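Below, chain A partners chain B and then partners chain C, in two separate complexes.
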Partner chain A sequence: MLRSSVALSILVSFLPLAALFFLGMEALGTDWGALLTDETWRDSLFTTLYVVSVSTIVSLVLGTWVARTVVNQRWRFTSTILKIPMFVPHIAAAYLFWLLFSGSNGFWGIESNERDYVTVILTYIWKETPFVFLMMIGTYEQLNRGYVETAKTLQLSPYAQFKHAEFPFLIKPLLDSTWILIAFISFAYEVPALLGVTYPKLIGVLAYERLSTGLYLEATEPYAVALIWTCFVGFGVFVSYVMTASVRRRIERGVRR
Partner chain B sequence: MKKWRVLLATLMLTFVAACGNEEAVEFSDTFEAAAESAEGSTVNLYMWGGDEGINSYIDDYVAPRLEESYDVELNRVAMDTAEFVRQLSLDKKADRQVGTIDVVWINGDNFRNAKEAGLLRDGLMERVPNATLLNETAQQSDAGTPTDDLELAWGNVQFILHYDAAKVDNPPESFEELRRWTEDNPGRFTYPEVTDFTGNAFVRHLLYERYGDELNKNATVEESFWDDLKAWSPNLWKEGQTYPKTLEQLDQLYASGEVWMTMGFNERRAEAEVKEGIFPKETRALLLDHSIASTHFLAIPFNSPNPDGALVLIQELLSPEAQLVKQGPDYWGDGTSLDLTKLDANDQKAFEELGDGVTYPNSEQLLERSIPDYGPNIIDAVREEWPSVAK
Partner chain C sequence: MIRQGFILLIALFPFVSLFLVAPSMEIGNVEYIVHTVGLTIILSGINVWLATTFAWWLLWTESRWKSVIEWLVFLPLFIPMLATLFGLYLILAEVGLIGTYIGVILALLVVTIPYSIRLAYNGMAVIGRPLLEQARLLPMSRRVVYVLYPLFSRMMRTIALFTTVILLSQFALIQLIGAGLIPTVTTELYQSYAGNNRSLALSNTWMLILFPVVIYFLLSGWNRWMVRMLKGRLQ
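Coming up: the complex of A and B.
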């Protein structure tokens, strides 16, 4: 690798730190006590946590399951079709779902713009499942079938087969996908802005609104919220990777051999 | 390796260039000199872009004229007003003396914020010749904030509701009747969130219904007002679980027939929409107890890169011809900000001949029920307290 490109990569990887620094600067002067007890922010946080966890978990399970099935059954065609949603931008996906669900009675009884954020979650699942699928399929294709065969020979239950012969290899891509999804969904704007409701808003929408409406022009709160959330995600990434470090290292060495 | 070095060098240079504090570009001394120096340049007009009629007035009518008469290219940038005010205030913080915005379309609380932060250039009256034609009352104050020569009036409008006469047999005639009408027709009426300009204005009409002028002296809204508003919400669209985020969304709901009324500043706004078949054919004006009159303005930011071009553009936008087409039914239908008595006989006649459209309200009644807007502190109060209604 060229020296300049190494330097550039290092520079780029420091950018998040710069972002943290600037967020911190802008958040100076925030009344943290008032922020943490502010009902609007709090409701928004809980709703965001709910949307993020449901969309992330369902996408992970679906994406992994589909990748597994596609590889096991050798469904080449399915794998092509599954990639289609990847090419639809989030804003377009949100609009598609809005067109589908926004009628007076919705579609299949599901309406957009309601407080359970069902259509927002559906949009994210539709968009992120293929992403998880792509992250997982490489792993599944390279998976050493020997372990699965051994598990079968030992007459383990299907669940135990998965747990011992497949799951350890999936930890790394799953962890990567999880944090990418959490970081993305939690602060995204376009999907919840189009399909969400007036109250409670998801945190990205609320922060943007507070940043861009006259009353709050001088407000530091949105920056403070972004700072807290970034630290929270960063901390989560750090802890989860440290906790799984030994397992992952063992697996990686095993795979390489 | 070499390629990388070039790339890195360019990158660094960009940063350096962005950091450098250039001198602000000043106005030329006279309008003639400004017009001359603006020749061949581009002027960037930042404005709210949520209305097709307004956009096409700028793109299809103003831009070609400007090119032809002054050889100035017009670049319209669609952006929410608060957002470019924010961008300008960041520029100010960073001491960026040469920015990107030449002319802004602004009024109300956004103007107050921009004025307080010192984001606008003054002395526009003497620099734009057509400013002498302006209606002096309209030019004086912007929703309670004195304009202080920082902006020039571009248009004059009043708040109005529109309804689909094919679906609504007995349109309400007051806000009280509107409330009762929604009880009989649940889900067929709503208004935009109050972060939206129009939604906020609708709530201010309800405030006026209860408090009248009083609120200007004593800006406290009782809790019961918000409770009443909350009690109303189950009869609104989606049972008040959510509100349209913007006026565009409300217009869309109205166009698709999901709600039967829409609203907005500008008593002539529906004409072009009906003509183009976007709004229902039977769209009619609905004038309730009172209607806020509002003036909107043009201003030049402190760091405009082409202030001479900006002057030329404003001069053109305030010309009687451009104002006449603006008020006509073809594009926008926005009321003129000019004082008709100051125009020559031909121009006056042309304005009078514009006549009425089918979606216009009765102009005498409209004038009778016109009320001045509350100041920006009421707009803020509505923004701050209304969210409890949507909970």
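Coming up: the complex of A and C.
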């Protein structure tokens, strides 16, 4: 029974890779030249890169800072409350932000469905900061305070203390969180479809709409875009993990000792 | 104190929107609620079972393929969900599962299982092999009932909760793989939003938020009752 469950889990986990193979096969007939010069896709790509960068960087910084503060100050109640947004489905979060910033409710000059995608970014920050917080808090709770005390004794600046006594231990969870967030935010439909605009759309929305609209049913472009984007993320994951492999190994060995 | 108040305010402020418009109380067709509840129960059950057994295996295996399989299982976390969905759409279309309940469950399982396995593996790794060693001598059913379930009931609850939230977040997946034939609260919310029916969209949003809350409390109560009953049996 255990073996059949394990085999089934492996089989299900193998499906995304099989899905990529099918994507590749379907994307074969794509006119790559036309795709790369298509203005609609290009504008979508730039907007997506902007939304992903801002959302990911702000979520990572906020999540790490909050985890650090909660552990240092021992805020148990705050820690519990902070997890709440994580259990709100993305589409419901998007609708909450849509209501908050739509029509007469819009404040600070921010409105839903505008070209700068501010509400999309805010929704992702609200949803993903608790995720980063959860990924980082475990590391912060296990962090050997001796390193920080040593850094303080050496009278290092607060930045240098963080850089030498904390950051090396955060590399692994930060890398994991970064790529999970990039993969998740960059090629999604629900949130940008609800809070975005008709032009430029984020590539996930554009690809999904081109795939599901009768007008484009025969088009291979959405498959090609999905494949290119997956390769881009995959390449980033590979390079970043290889580049940090020796540091991570050293830290893991040190921690185990 | 000010910092703490500010963080709490940011975390809770968006919920103000729930009270800006009066939600619609009309529930005509309950089919989409039935579908959502059905999918939640089936998917959570499968996820808990597969993730727990796989994490248990991963904890003990001496196989030289361990690290490869570990990578294979966690790799989908780094593949954009919509890209996986497009590929799955092609695969499921080949085998005729588009527009079926099985197709939707399979697609949802593919996107939820990496998170569940990660949660289960982390939960077991925290307790560690030495403490769980004796449980390996027990037969499978007794091991699950008397050791794994009481020890990992919280972890199982978290897996069920995460699965529910991911499931409730999916519009594109359910619409594409279900071919529009399997309505859920999420698809209803999107349609009421597109139809500019604010109060109906808000009542669906309430449902989407309350679903995980209800599941959390139900599972917490169930876990507490079960663990107390199992302890009673052992005495």
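As a working rule, the second predicted complex is superposed on the first by the 239 of 257 C-alpha atoms of A that agree within 3 Å, B and C clash if a C-alpha of one lies under 4 Å from a C-alpha of the other, contacts with A are read in each partner's own complex, and residues count from 1 in each chain.
FYI, a contact is a pair of C-beta atoms (placed from the backbone, for glycine too) under 8 Å apart; a residue touches a chain by one contact, two chains touch by 3 or more.
Since this is a predicted model, take the numbers as computed values, not measurements.
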| item | value |
| --- | --- |
| A:Thr40 touches, of chain B and chain C: first, second, both or neither? | first |
| A:Thr213 touches, of chain B and chain C: first, second, both or neither? | first |
| Partner chain in contact with A:Glu166 - chain B first, chain C second, else both or neither | neither |
| Partner chain in contact with A:Ser9 - chain B first, chain C second, else both or neither | second |
| Partner chain in contact with A:Trp179 - chain B first, chain C second, else both or neither | second |
| Touching partner for A:Tyr199 - first (chain B), second (chain C), both, neither | first |
| Between chain B and chain C, more extensive residue contact with chain A | C |
| Touching partner for A:Asp116 - first (chain B), second (chain C), both, neither | neither |
| Set of chain A residues, in rising order, touched by both chain B and chain C | 2, 5, 8, 193, 211-212 |
| Chain A to chain C touching residues, read off their complex | 1-2, 5-6, 8-10, 12-23, 25-26, 66, 69, 73, 75, 78, 81-82, 84-93, 95-100, 105, 126, 130, 179-180, 183-184, 186-190, 193-194, 204, 207-208, 211-212, 222-223, 226-227, 229-230, 233-234, 237 |
| Residues of chain A touching chain B in the complex | 2, 4-5, 8, 40, 104, 111, 113-115, 193, 196-199, 209, 211-215, 217 |
| Footprint of chain A on chain B - complex, ascending | 1, 4-5, 8, 80, 82-83, 85-86, 89, 109-110, 112-113, 187, 193, 195, 238, 241-243, 245, 258, 376, 379-380, 383-384, 387, 390-391 |
| Interfacial residue positions of chain C with respect to chain A in the complex | 3-4, 7-8, 10-12, 14-18, 20-21, 49-51, 53-54, 56-57, 69, 72-73, 75-91, 106, 109-110, 113-114, 117, 140, 161, 165, 168-172, 175-176, 186, 189-190, 193, 198, 201-202, 205, 208-209, 212-213, 216 |
